[in-house]
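Dropping the structures in below, format is structure tokens.
Next come two complexes built around chain A: one with chain B, the other with chain C.
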Partner chain A sequence: MPTILTVEQVCKQFGSVIVADDINLTVAEGEAVGIIGPNGAGKTTLFNMIAGSIQPTSGRIIFGYRNITKLRPPDRCRAGIGRSHQIPRPFSGISVYENTLVGATFGGGREGVDAKRRCIDILDRLGLLAKANQLAGSLGLLDRKRLELARALATEPRLLLLDEIAGGLTDEEVHQLIRIVTAIRATGVAILWIEHIVHALISVVDRLIAMHVGRLLAEGAPAAVMANAEVQEVYLGIEEP
Partner chain B sequence: MSLFAVVDPVMQGLLLGGMYALFAIGLSLSFGIMRMVNIAHGDIIVLAAYVTLVVVETLAVNPFVAMIVVVPSLAAFGYVLQRVLLNPVLGDDILPPLLVTFGLSVIIQNLLLAVFSADPMGIHADAVQTASIGLGGGLAVGVLPLIIFASAVAVVAGLELLFAFTGLGRAFRATSDNQTVAQLMGIDNRHLYAVATALALAISAIAGSFLALRTTFVPTLGPSKLLVAFEAIIVGGMGSLWGTLAGAMLLGVAQSIGFRYNSGSGILAGHFVFLAILLVRPQGLFARARRS
Partner chain C sequence: MSLLELENASRLQHGVWIAAAALLAVLILAPWWADDSDLRSIAEFAYLVAIAQMWNLLAGYGGLISVGQQVFIGIGGYTLLILSLDAGISPFLCIPVAGVVSALFAVPIAAVVFRLQGPYFAIGTWVVADVFRLALDNVPAIGGGSGKSLTSALMSIPGWQREATTYWIALGLGVGLTIGVYLILRSRLGLAMTAVRDSVPASESLGVRVGRTKLLIYVASALGLGMAGALIYLTKLRVSPDAAFSMDWTVLMIFIVVIGGIGTVEGPIVGTAVFFFLRAMLADFGPWYLVILGSVAVVVMLKARRGIWGWVAGRFNFHVFPTRRRIRVNSLRSGFAEMPPSPRYLTE
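Up next, the complex of A and B:
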């Protein structure tokens, strides 16, 4: 499979604090990659740099065959990078349906009936169709997380960045989300997924990356990464014997 | 007190409110979409009045025909103004755009003074300025105030339709809600803001053309128009264009009644109503529920 995302020697410093230290990673087209790491590991910062809301101090980000390091967020969205936030950030004053319609028209470049069909289809797949006309601000947490996902999907991403979409949900809700993400994967969208709920992550991803204080700690098959002694020490708090 | 003495000032005041609403809508749009307060807003209206005057005199056309030239010109000016001057200073800090538009206000006033002098000017061309319709019992409404009021209603209705049913309107609402996320949804905020300012200046151009038809004007008139616009928006309640129209009409009625009793205190009566609303209902008459 050709590579869709390459993060090359990316560093990010806020003042004297290093939040990303020489990050190198690739995602293949259609691949699902999980990212784990304790709070402050720099996971969300990495997403912000890939989606374009913050600029790396040095290094390059390549999407497809294009160097997107200097591209602004709307251009990256249109190039095919969709992202969902850890804390859902819906446009709370407009309806659920309109939230997705904004993504489909401006990010996905669709118009009229075509855009509307696409949004209705996505809302249906994510179980939000019954609430399509509600104000997004009136949704509960699970529905907000679904909307976050629906809106990112509406922009027709080739790479989807999921930031802790399972956090704060009940077991049953997590299972629902896993089914949704698995279905999205089946359509050929590459996924980069940050998650603390490891069993959810492992049931979907092909590969796992562990981060710690701005660096990549381990990378590979999920089972191997989870068994890695360093990962266990920093992430799970298990001391080496 | 005769019925005439009550009905006439109220009616004239309601129609005057149409003019004030046109002053206010552009300002309301800038603030609603970009959280930007344009201090030069009133001066841009006065600029539009002078542009109308120039077009009427050089092309020897009817002022309404002149608007076909004036409105797109001001819209184009607005687009460029936003891209070149205002976008670079928009950010989390609201002070830089305030300072830049304050500077713009000073520049426009002095430019107008240099070109047109401080003498009052006006357009004395059209029969519509003096035409009126008799309603019986000595009551009469001017044709021009009626046209201005109808235009204000049409502008508000048009904008509400734009916001509710078009992709551009959704983009405006989404960006007003959260501009960072709007960018992640593929909305180019720099272009969208420029379109918003183009729209605001197009409406200010309509206001300026009508101002030129209604009264004489001087280069330093802008700040007083800005004040009226602020008052109408605050009385009506932020975020509601129909509220702005209602607020403008209330101010118009207050001023009109004030004028009737003492020709020097009309404007003051408007300010008193504004103060009273601030005390009793500071969120304005038709404020929408606050965002969570």
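Up next, the complex of A and C:
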């Protein structure tokens, strides 16, 4: 499988704090990769650098065959990187449908009826269609997280970055989410998924990456990574039973 | 909401549109039935709606709270002054040109003030406006601090023609900019604007070019204000830095928009009506007039944060200018019928 994303020797410092320390990773087209790591490990920061909202101190990020390190976030989105934010950021003054339409129009480059159909289809898949005309600001947490996902999907990404979309959900809701992510995968979209709920991750991803204080601790088949001694050490007492 | 309510609302909406079109026709004919003082009042009403729309576009939809928008009124006024007196161009023709000049100035001004965030942005816009005021104080060729009269540029135009044309332009700006704002809101740019207003990081990660979007709104607002500024000083016949670059203009825009309903197309019209009403009622109160206006604004901000029209629209779910993009029940059904069957992940 050709590589879709290459993160090459990426470092990031906030003042004297190092949050990314020589990170190297690749994602193949259509592959699903999980990222785990304790709070403050630098997972969201890594996403921010891939999506472009934070510039790395050094290193390169390559998407497809293109060096995107200097690209602004909207241009990375248009190039095919979609993301959901860990803390949902709905456009609260407009409707759920209009929120999705922003993604379809600007990220997806669709217009008119075409954009509308695409949004309706996605909202339907995510179970948000009944609330399409509701103001996004009136949604509860579960729906806000779904909306994050819906909007990101509307941009028609080739790589989807999911940041803790299962946190705070009930078991039943987590199961729904797993089905949704599995279905997205089946359409050929590559996925990088940060999640603390490891069993949810493992049921979807091919490969797992463990991070700790800005470094990649282990990488490989989910079972092997979870069995890794270092991972167990930092992860013990953090993983939910 | 039931279908019946929806039908009633749209019937009411059509009714309002027909009434508005009839009113517009009557107003266009006003130079033949109204006296000069009535004409001036209607023109003032129209240009206040116009400038309030421009502030509303910027703040209510773009989330850019500027207190320095008078800079573009001033630029419009001075473009009129310079072009009509010194270059001998027809004052009426100066109005669109003033809009363009003002829009051109908006680009470098944006480059400065957009570096600032939140309250600093607001203060920055005011500082820029004051820099213009102080600079023009020191240009004797165009009147310096005391300004200059436009009368000589207008002498060649017969009285009735001058009054009527000025009036029609004012009316055109009030109606035109209101419709313009409405069309922008229904467009791609409108969608981008509201997204940027609600969350910059989310907009960026959904492909919205935030800087460009803000710049476009800022320039659009400057275009409208430049034209309005030229028109305003065509009615006032004298341009001076202290008046043209006065913060009072922006205070007035903010008052009208906040009272009428920020973030609604109807708001500036309602707000201007309230302002006219209060000003007429309080004509005898002298300085108390401003105190009462301010108090009204504070009460509205505390009791009805979305202004009078925001309250009406929320209470009765009624819009003369509907800007929300809705999916309707019937369009949904036809949408489904035409769409290729999609896997329904959530249906068991």
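Definition applied: the second predicted complex is superposed on the first by the 236 of 241 C-alpha atoms of A that agree within 3 Å, B and C clash if a C-alpha of one lies under 4 Å from a C-alpha of the other, contacts with A are read in each partner's own complex, and residues count from 1 in each chain.
Assume a contact is a pair of C-beta atoms (placed from the backbone, for glycine too) under 8 Å apart; a residue touches a chain by one contact, two chains touch by 3 or more.
Note that the structure is predicted; figures quoted are calculated from it, not measured.
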Fit or clash - chain C, chain B, common chain A: clash
Superposed model, chain A: greater residue contact from chain B or chain C: C
Partner chain(s) touched by A:Ala51 [first = chain B, second = chain C, both, neither]: both
A:Pro157 touches, of chain B and chain C: first, second, both or neither? neither
Contacts of A:Ile180 with chain B and chain C, given as first, second, both or neither: second
Partner chain(s) touched by A:Asn133 [first = chain B, second = chain C, both, neither]: second
Partner chain(s) touched by A:Leu101 [first = chain B, second = chain C, both, neither]: both
Touching partner for A:Ile120 - first (chain B), second (chain C), both, neither: second
Chain B versus chain C as contact partner of A:Gly42, first or second or both or neither: neither
Touching partner for A:Phe91 - first (chain B), second (chain C), both, neither: both
Chain A positions touched by chain B in one structure and by chain C in the second: 51, 53, 72-75, 77-78, 83, 85, 89, 91-94, 98, 101-103, 105-108, 111, 151, 155
Chain C partner contacts - residues on chain A that touch it in the complex: 51-53, 72-75, 77-78, 82-83, 85, 89-95, 97-98, 101-103, 105-108, 111, 116-117, 120-121, 124-127, 129, 132-133, 151-152, 154-155, 176, 179-180, 183
Contact set on chain C toward chain A in their complex: 188, 191-192, 194-195, 197-199, 201-210, 263, 324-327, 332, 335-336, 338-339, 342-346
Contact set on chain A toward chain B in their complex: 51, 53, 72-75, 77-78, 83, 85, 89, 91-94, 98-99, 101-103, 105-109, 111, 137, 151, 155
Chain B - residues contacting chain A, complex: 167, 170-171, 173-174, 176-178, 180-189, 291-292
